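By letter and in written order, the chains are A, B, C, D, E, F, G and H; residue numbering begins at 1 in each of them.
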Amino acid sequence: MQKLKVYLSGEIHTDWRDQIKSGCEKQGLNVTFSSPVTDHPASDAAGDILEPESEGFWRDHKSAKVNAIRTRTLIEDCDIAVIRFGDKYKQWNAAFDAGYCAALGTPYITLHDEDIIHPLKEVDAAAHAWATTPDQVVELLQYVMG
Amino acid sequence: MQKLKVYLSGEIHTDWRDQIKSGCEKQGLNVTFSSPVTDHPASDAAGDILEPESEGFWRDHKSAKVNAIRTRTLIEDCDIAVIRFGDKYKQWNAAFDAGYCAALGTPYITLHDEDIIHPLKEVDAAAHAWATTPDQVVELLQYVMG
Amino acid sequence: MQKLKVYLSGEIHTDWRDQIKSGCEKQGLNVTFSSPVTDHPASDAAGDILEPESEGFWRDHKSAKVNAIRTRTLIEDCDIAVIRFGDKYKQWNAAFDAGYCAALGTPYITLHDEDIIHPLKEVDAAAHAWATTPDQVVELLQYVMG
Amino acid sequence: MQKLKVYLSGEIHTDWRDQIKSGCEKQGLNVTFSSPVTDHPASDAAGDILEPESEGFWRDHKSAKVNAIRTRTLIEDCDIAVIRFGDKYKQWNAAFDAGYCAALGTPYITLHDEDIIHPLKEVDAAAHAWATTPDQVVELLQYVMG
Amino acid sequence: MQKLKVYLSGEIHTDWRDQIKSGCEKQGLNVTFSSPVTDHPASDAAGDILEPESEGFWRDHKSAKVNAIRTRTLIEDCDIAVIRFGDKYKQWNAAFDAGYCAALGTPYITLHDEDIIHPLKEVDAAAHAWATTPDQVVELLQYVMG
Amino acid sequence: MQKLKVYLSGEIHTDWRDQIKSGCEKQGLNVTFSSPVTDHPASDAAGDILEPESEGFWRDHKSAKVNAIRTRTLIEDCDIAVIRFGDKYKQWNAAFDAGYCAALGTPYITLHDEDIIHPLKEVDAAAHAWATTPDQVVELLQYVMG
Amino acid sequence: MQKLKVYLSGEIHTDWRDQIKSGCEKQGLNVTFSSPVTDHPASDAAGDILEPESEGFWRDHKSAKVNAIRTRTLIEDCDIAVIRFGDKYKQWNAAFDAGYCAALGTPYITLHDEDIIHPLKEVDAAAHAWATTPDQVVELLQYVMG
Amino acid sequence: MQKLKVYLSGEIHTDWRDQIKSGCEKQGLNVTFSSPVTDHPASDAAGDILEPESEGFWRDHKSAKVNAIRTRTLIEDCDIAVIRFGDKYKQWNAAFDAGYCAALGTPYITLHDEDIIHPLKEVDAAAHAWATTPDQVVELLQYVMG
């Protein structure tokens, strides 16, 4: 496999994306990574430049739809997604992305600890692999690219 | 609109499904409802009749894949989904279903309280409506069916 | 052709829908008709039962998304659409429905007067027929159903 | 996001396309823009080289179908559309393009003044963002591309 | 197989459709047949009720688009098509229908004499069977329905 | 789940289909079953009524294409497939059907003994469940239908 | 429009392909052309390297299926097709390609003389333009590419 | 045809892939080849880096799902597949790939000896060509690329 487009969805408060990127680089893999906007305040404010000025639900709504322009385009374009669930927050957007990939038939790898296996069972059931560390994801990508 | 097939996804620990069903019945709406298996222990044990006997991840995996036969078939067949987020548990399966509907282009209504607007913003952004009570869902269906 | 599902899109201020329906009934055609909600104030208020209470853009937005649950479902289900452009208002929703049908490959018939041929040329170019009276639409449906 | 293909649909009598293009250029964004033929008389005459010679409806029809070769190909190929409604003309082709994008699942941004919010509510309901100035569109694209 | 929807495309100057229908009836097969309008003058005049009045190319164009409302709907709805090529006329519409079925993945059976095997080789290559008599088609349908 | 269409693919030399059917009947499940033609000599001779008379490869080819009219139609129409691998013959058609279902996104259950787990690992990886007895399949269907 | 992939289908006994290619080259258009194999005897013999050795129907069948590998791949990949009908032969393959394009939603231009307007009316009805000379096709492509 | 992406599926114990690759190289064909991982022990161990540690069914399951990330991506991306059946093993994965290609509409060539024509008849029926030697495949590709 000459190259691979990988979308990195989910948790934005740890450096798992960097670990996967640098791991793939060390192995010389020809992978193009993409992600949602991972700057939390910027992401929440994505719609603020647009009218009508809003608070609460509509501010979130405007921002989420702007962010979806990016995420939807990148998910539809990727070959594989890696979807990370951390130990904080609701992370419903990550599960949403998993469902989106499943419906498109795009393979995805979940990345999460053992203690959330049970609540993630539907998400894992549609996944092609479950990894617990960024290193395992790198190994998987290396194997898959042959 | 002569009839409507509505899939009721998400929380299984309160009686919101019954409220919507009886509300629609009172209004005489021609709606067919479907749901995942809502008996929690039965759902967790869905794969237990199958080999190989398993514990932990694989038991969940087997059960979740069996349940997916039902949920995938019903989601692909429905006209609209109602996706309920309660105040307990991770409920990643509900967000997964929302993403699945979004990718299929199937309209869905979210049903949740105001205090989880922010973590649900991506799920609500792709929804056609956000309701806070089962009665509102009934009113919506009544309006939509004309 | 044993039966036909026809969606009637567009103008809501004249009785063209009734003329087509009664014309088809007179001919004994087995046609099921569907429409958007044609009660203008009700349609504008479709989202008012839902939170957050809104004015202006967001009120329109909430209502339009609720209405889209109905219209999207009916358009995706119909065999043919008839799309009517009258002599008042912007009627961008009618042109939107035409574009939606075109992308789905659903055949549609436009119904409009001669004086708006030029601004409707893109909409007519993707149509299967242009009619100027409800009677012509009835004749077309009668012919098409054989 | 490394690059983006953006289709600029709608109004052809003001310089909004140039403003967006030069704004993106200033920001160094890697965006490829495409448009319908924006020379009005040329667009109306697109079919004149073909037989049979025609006037009125058929001249419009021939030209609109030739133009659709271009617009359909570009819309199906783009990542995002920006759809501009000005204060003149019927602009049904712009609303048609919006409906086409909606059915394909291609995200689009509308660009229009506040005074036409109400008649555009169905078009805006399916949009990912509503902007009122070309500068806002540039800001959106810059944000979306990260 | 409990029932089958069969579209009968092509030649309209011999009674092959009746032979297949009565043959299936004799065998008690639960088949629903559909066809284009087979009354040649009516088919050529299908667009005559519509403006603008036309001759030559545009008359044919208008009529062919009206007929396509019927044929496209029936082809997209059928389970199998039978496509008949006789010994007269160009019959490009029959070959067009074959290509349309092939792209949809709808199986079709060709029905033609041995002397046109060579010019029909591309059409036969995408067919699931080639029959030379209506009786063979009946036998095929009987076998296929089990 | 009110009813289910189940396609029974694979082995034709044991009575597993009858066991599943009678098991579901005992449980009062509203399931419609369909199958390929399971009469082996009839299936091999499916193309014999058609010209040109053939032996060897082309006889098989003609027959297989006729059988595919049936199997393709039924697979595309079913909600779930059960795919049985016995202990004899190559059974490549069963694996072919599994791949076909996987590409369509149609869930399938495999039914086979433990000693062929390894060669069937790719087929099982895309399945929603692996059963070893017809009774387990009945239990699965009963659970899935709720 | 920066570049265009154009498939040239149909008649192989005149030099219309060369005229279009050289015309586009003169205009400096960035068009990539593709075609079926236009060497008639080679095309008829495409399957001769494969077993089983065949005559008549099966030789045609084998060759047509080999040719379809090429034509199907190129048609699915092109942006536009030009489909040429000459004054000789049945040319059912050209009409088949037109139907295939229509079902895919790929725009096509027909190229034929006035005397076959009537038998080509279904093919022309689904076309985006009808040209009578290769020069007109070049002009169309030049216009479409802007 | 300027270039072609060919997926080589099936048997991994003989050098047929190398023969096709070197044959195409000799002919100067611009073909990009891809394959599953053909190192048998590595393929069986693909999931071993992931938790939970497993034996038997689940080890195969984990590995097969990891391998499917690669194979599914490559099959969905290829223009043509060549599917090889040797004289050993069950090779159900090869037949699975054939079914997957058939459902996607991706043309494939089978490569196998004469003695397994009969059990492969369903797989061959959906193929575009049957070859018995790698040299024939090279000849086919050379012809197809013109």
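To be clear about the criterion, a contact is a pair of C-beta atoms (placed from the backbone, for glycine too) under 8 Å apart; a residue touches a chain by one contact, two chains touch by 3 or more.
Keep in mind the model is a prediction, meaning the values are calculated, not measured.
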| item | value |
| --- | --- |
| Set of chains adjacent to subunit E and to subunit H | F, G |
| Counterpart interface for E-G, drawn from A-C, E-F or A-B and sharing over half of its contact pairs | A-B |
| Where subunit D and subunit F are represented by their mean Cα positions, the distance between them in whole Å | 49 |
| Averaged-CA centre spacing for the pair subunit E and subunit B, given as whole angstrom | 43 |
| Centre-of-Cα separation between subunit G and subunit D, whole angstrom | 31 |
| Junction residues of subunit H - those touching two or more other chains | 51, 56-57, 65, 68, 105, 130 |
| Residue ranges of subunit G in contact with subunit H within the complex | 32, 34, 37, 42, 46-47, 49-51, 62, 65-66, 68-70, 72-74, 76 |
| Sites on subunit H touched by subunit F in the complex | 56-57, 60-61, 63-65, 67-68, 71, 85, 89-104, 116-126, 130 |
| For the subunit E and subunit F complex, residues of the former touching the latter | 1-2, 4, 79-80, 105, 107, 109, 114, 128-132, 136, 139-140, 143-146 |
| Complex contacts: residues of subunit E adjacent to subunit D | 51-52, 54, 56-58 |
